[in-house]
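Shared between the two complexes below is chain A, which has chain B as its partner in the first and chain C in the second.
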Partner chain A sequence: MINIPILLIFLPVVTSILVYLFKWKHMNIVVLGSQLILTILAAIYFGHFYGQFEHTHLVLGGWDHRIGISLANDELSMSFIFLSIFTWWMVLAYTFKYGKTDHTFLFFLVFLQGVFLGLLQSNDLFNLFVFLELTTIIVTILIAYKKRGESFRAAIYYILLNTSGVLLFLIGIILIYFTFGTINIVYLHETLTPGDDTMVLRLSYILLMAGISVKSALFPVFTWLPKAHGAAQSAISALLSGLVVKGGIYLFFRMNFLYDNVGIHYGDFFYWVGALTAVVGVMFALSQKDIKQILAFHTVSQIGIIMMGLSSSDANTFYGGVLHTFNHAFFKSLLFLGAGVIIQVYRTKKVTEIRGVMRSMPVVSVFMIIGMLSITGAPFFNGFISKSIIKYGIEDSTIRYWILFAVNIGTATSFIKMSQIFFGPRTVSYPIKNMAQNFALFGFALGCITLGNFYIPFTESFFGIAYDQEFIHVGAFIDYAVTLGLGFMLYHFVISKDYKPIQNIRNFKLSFESANYVFIIYIVVMVTYFIWL
Partner chain B sequence: MNPILTFIVILIGFYGLSTSDNIIKSVFCVTIIESGVILLFLNLGNFEGGAIPILNDHLVDIVDPLPQALMITTIVIGSTVTALSLMLCIKIFHHYGTVEWAEVLRREDVKS
Partner chain C sequence: MSRRLFLIAMLGVLFVVFTLSMIELESLYNNYGMRYFLNEGFDDTGSRNLVTAILLDYRLFDSLFEAGILLIAVSGVIWISKHDVEEKNAQFMLDKYKTPDLFVTFSRLVYPLMLAFGFYVIINGHVSPGGGFQGGAIVATAILILYYIDGNKETNIGLIVTIEKIIYLLIILLASLSFFTRGEFFTNFFVPSANPDLKAIYLVLLNVFIGFKVALGLWTIFTAFLKEGR
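And then the complex of A and B:
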């Protein structure tokens, strides 16, 4: 029973190797079978250890627990495991036809799942590094998979920037190892006391956070994300935006739990980083015309909102941020997959050229509208719940409240812009009856609505927090209507006119050298904040 | 070797990353950073006159074996990253006819 985490890592890896070796026609059925076994194993494991996750600590190979490879789970990591298994189910369904013929693609897709589950369960810092690098490598291949010029450029931008970030993460691990003689997270959490607050420990914190910031695309170093997610295939974009970026966020709170006992106060710094990420992401999203670029920049801005929640010291707001990572995974994957179907039919990515989707593909349109309502925070949909929780948490500070409000208006504006694709006469016919694709969209849409209405049992069982406030009341509807109204005005009078400054923002590109320069400045700012202040 | 020196190697790598306009140079700068990190880790676990960490009858004054075990993994990962990046460089050269960051960006704008 305790060995199930190993199976969770190796089952997808072994399946993917079988796929690659035996290039059999019905290999995707085998993949779905192994996915089913994986789901059952995870459910059994969760049922067995529910309420006593401190016994899940597993050291491989009988080594000393301070230095050996170890795996451990808690409620939070289990919730992420279920989220990733669900996302992979849906992405495998979406690429069902494609996976029949292209076995190399299926190999990388399934392999990534094993690596990602390893990242979630790893309990020693060095294996975190190994899994982080492995995800980086496989994601690079998946980004470049379309074999087009822009996807190669996005891939090399991604791998070089992320590798330099992850190497800084490794230096942080080295400093921890030589201060405490262990790299086991559970053990470190018990050992660290406020007396350990030395310069070296703070430096290690900064380096770990620098690496995590690159992986999770925080404000100054987010430039790889829109390139990569815009250039990849839609199914891969959905996977990356919905889930793999959350690997960085997951490490963010894993590492901050680790440093909790030392008493390093990180909240304010990461609040402002998150706020800047949200505002800048929305600004860029408003200026874009490419449907996938819009969605990719919204991933950046939603990560900013998640960080605004996670940086709070109040448990309710913190778990609001965690809940938003889940909600974002559902609605952003839904939007990317829906956009993928639309691009496939219309053969263009320009928002201004796609018209009449409602007439030609009513089913896909309904799912897309559910995704849009969720991301803009409409009541009864999941984005509303987590945004409200974060909003209640930061209500005391006027400026913080208004930043979140401004970001919400920006989001509404940009999705009003995107919703223009639904109107207009029918221009193309949609002969492709791909039930598997519709099923994937349906799964994510169902997730959006379920989490939007029945979030309490979910948060109670996974985070141990019951939100007793009633979020849905008249004020919420008025709030949403005001946001939509302001967003519509902004769209109608500013964005649709496409003024010169908007074009300038759209054409702004940060070169690779400048991105690294900005990254160094970011580290210097962090050193200034955490060591001298 | 002093740990400060390894930090200087890492900083040279970052200097190269933020100034070089050639993609292949950027790949090598990442390799330089990685070498610096490996040197730092091995260096901190080492001491003057330490024996090789191989189990025998008289175990005295051996160096810490863990950094060496971990760094082998890092070297393997690093070589994978380098190989993959150089492959991408070749592909970029085939598509754009150049391996300069700015030039690639310019030719992409011309194409679209």
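And then the complex of A and C:
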């Protein structure tokens, strides 16, 4: 029973290699079979250890826990495991037809699942580094998969920037190993005391956070994300935006758990980083005309909102941020997959050129609208719940509240802009022939609605927090209506006119050299904040 | 210019912080891990080379995924180097007429020596410096020399990649064999109290598998690059 985490990691890895070896046309059925076994195993594991996750500490090879590599799970990692398995189910369904012929693609896709599940369960810092590196390489290949100039450029940009981040992460690990002689996360969490608060420890914290910031696309170093997620195939964009970017967020709270007892006050710093990420992401999203670029920049802004929640010391708000990672995974994957279907049919990515989606593809439109309602925070949809929790958490500070409000208006504006694709006469014919794609959209849409209405059992069983506040009341509807109204006005009077500054923002590109420059500034700011202040 | 100066100033700040931390680290340094490996390493794993002990026993799980990185990189390079564009008639440095005869002759002499040295490093990984990863790289270099000797050599990449994948599966199988003999994943399948010579069987087997995998992987990568170049 305790060895199930190993199976969770190796089942996808071995399956993917079998896919590569036997290029058999029914291989995708085998993959779905292994996915089914994986789901059952995870469910059994969760049922067995529920309520006593401290017994899941598994040292591989039976060595002393300070020497060997260990895996450990808790409620949070289990919730992420279920989220990953669900996302992979849907992405595999979406690419079902494609996977029949393209085995290399299926190989990378399924291998990535094993590695990602390993990243979630690992309890060893160096092991985390290995998994991070492996994720980076697989994601690079998946981004470059179409082998076009644009996707190659995005992939190279991605791998260079992320590798520099991951290398800093490695230096941070080395500093920890030199100071404590071990890299077991749970052990370090238990032994670290405020007395260990030295400059070396702070430096290691900064380096780890620098790596994580790149991985999770925080403010100054988010530039790889829109490029990569815009250039990849839609299924891959959905996977990357919905889930893989959350690997960084997951590490953010795993690492803060490690330094928990030292007493580093990171809240304010990461609140402002998150706020800047959100505002800048929305600004760029508003200026874009490419449907996938809009979605990719909204991933950046939503990660900012997640960080606003996660940086709070209050448990309710913190788990609001965690809940928002889940909600974002559902609606952003839904939007990317839906956009993928639309792009496939219309053969263009320009928001201004796609017209009449509602008439030509009503089913996809309904799912897309569910996704848009969720991301803008409409009541009864999942985005609303987590945004409300974060909003209540930061209500005491007026300026923080208004920043969140402004970001919400920006989000509303850009999805009002995007909704122009629905109107107009029918221009293309789209017979529903690919049921698997619609099934994937349906799965994510169902997730959006379920989490929007029945979030209490979910948060209770995974985070141990029951949100007993009633979020849905008249005020919430008024709030949403005001947001939409202001968003519409902003769109109608400013964005749709496409003024010169907006064009400038749209054409703004940060070269790799400048990105590194900015990255160094970011590290220096962190050093100043965490060591000298 | 001001941009450069600003950059230098910032790097200076980082340098100062690093230096101060390193000075502080001297008093904080904790060598628990090092002492553990020095005292227990040989008895635990049967490997005189402590790097191999860590790589193939204490932290075998990491090594499996390090090998996985190579596996992914190989598949990625093959995928990306495959293209439908008309192959260009580029003159490549491996052009038979441009490789000096002296070099070819020496290559013929060096090739068997390098191959033998590679195998030596792989097989003796548990006794002397070396191991599967390093030895595999040496073997791959030896194979690379073959291309200097015969510039028109054709290689069946598909076959090599298939063998590489199968060997990776075998490595995973061998690593998890200990679960069936001892109930522990990813360690030696002999009990810790067994004779070091017995334990060496496992280490040699694993080193050989990893060595082959690495050699085949690197061979594929440079074959893919060669095709690109031709």
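Rule of thumb we're sticking to: the second predicted complex is superposed on the first by the 531 of 533 C-alpha atoms of A that agree within 3 Å, B and C clash if a C-alpha of one lies under 4 Å from a C-alpha of the other, contacts with A are read in each partner's own complex, and residues count from 1 in each chain.
Throughout what follows, contacts are C-beta pairs under 8 Å (C-beta built on N, C-alpha and C of every residue); 3 or more make two chains touch, one makes a residue touch a chain.
None of the values given here were measured: they were computed from a predicted structure.
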{"item": "Touching partner for A:Ile156 - first (chain B), second (chain C), both, neither", "value": "first"}
{"item": "Touching partner for A:Gly118 - first (chain B), second (chain C), both, neither", "value": "second"}
{"item": "Touched partner set for A:Leu167, first chain B, second chain C, both or neither", "value": "first"}
{"item": "Chain B versus chain C as contact partner of A:Glu133, first or second or both or neither", "value": "both"}
{"item": "Which of chain B and chain C A:Ala144 touches, first, second, both or neither", "value": "both"}
{"item": "Residues of chain A touched, compared between chain B and chain C (which is higher)", "value": "C"}
{"item": "Which superposed partner A:Tyr517 touches (first chain B, second chain C, both, neither)", "value": "both"}
{"item": "Touched partner set for A:Phe178, first chain B, second chain C, both or neither", "value": "both"}
{"item": "Touching partner for A:Lys509 - first (chain B), second (chain C), both, neither", "value": "first"}
{"item": "Residues on chain A lying within both footprints (that of chain B and that of chain C)", "value": "67, 126, 130, 133-134, 137, 140-141, 144, 147, 177-178, 517, 520"}
{"item": "Touch list for chain B against partner chain A, complex", "value": "10, 13-14, 17-21, 23, 26-27, 30, 33-34, 37, 40-41, 44-45, 66-67, 70, 73-74, 77, 80-81, 84-85, 88-89, 91-92, 95-96, 101-102, 104-105, 108, 111"}
{"item": "Touching residues (chain side chain C, partner chain A) in the complex", "value": "3, 7, 10-11, 13-14, 17-18, 20-21, 24-25, 28-34, 36-37, 44, 57-62, 65-66, 68-69, 71-73, 75-76, 79-80, 83, 162, 165-166, 168-169, 172, 176, 178-179, 182, 184-187"}
{"item": "Touch list for chain A against partner chain C, complex", "value": "3, 6, 10, 13-14, 17, 20-21, 60-64, 66-69, 104, 107-108, 111, 115, 118, 126-127, 130-131, 133-134, 137-138, 140-141, 144-145, 147, 175, 177-182, 198-200, 203, 517, 520-521, 523-524, 527-528, 531"}
{"item": "Of all residues in chain A, those that touch chain B in their complex", "value": "67, 126, 129-130, 133-134, 136-137, 140-141, 144, 147-150, 152-153, 155-156, 159-160, 163-164, 167, 170-171, 174, 177-178, 509, 511-514, 516-517, 519-520"}
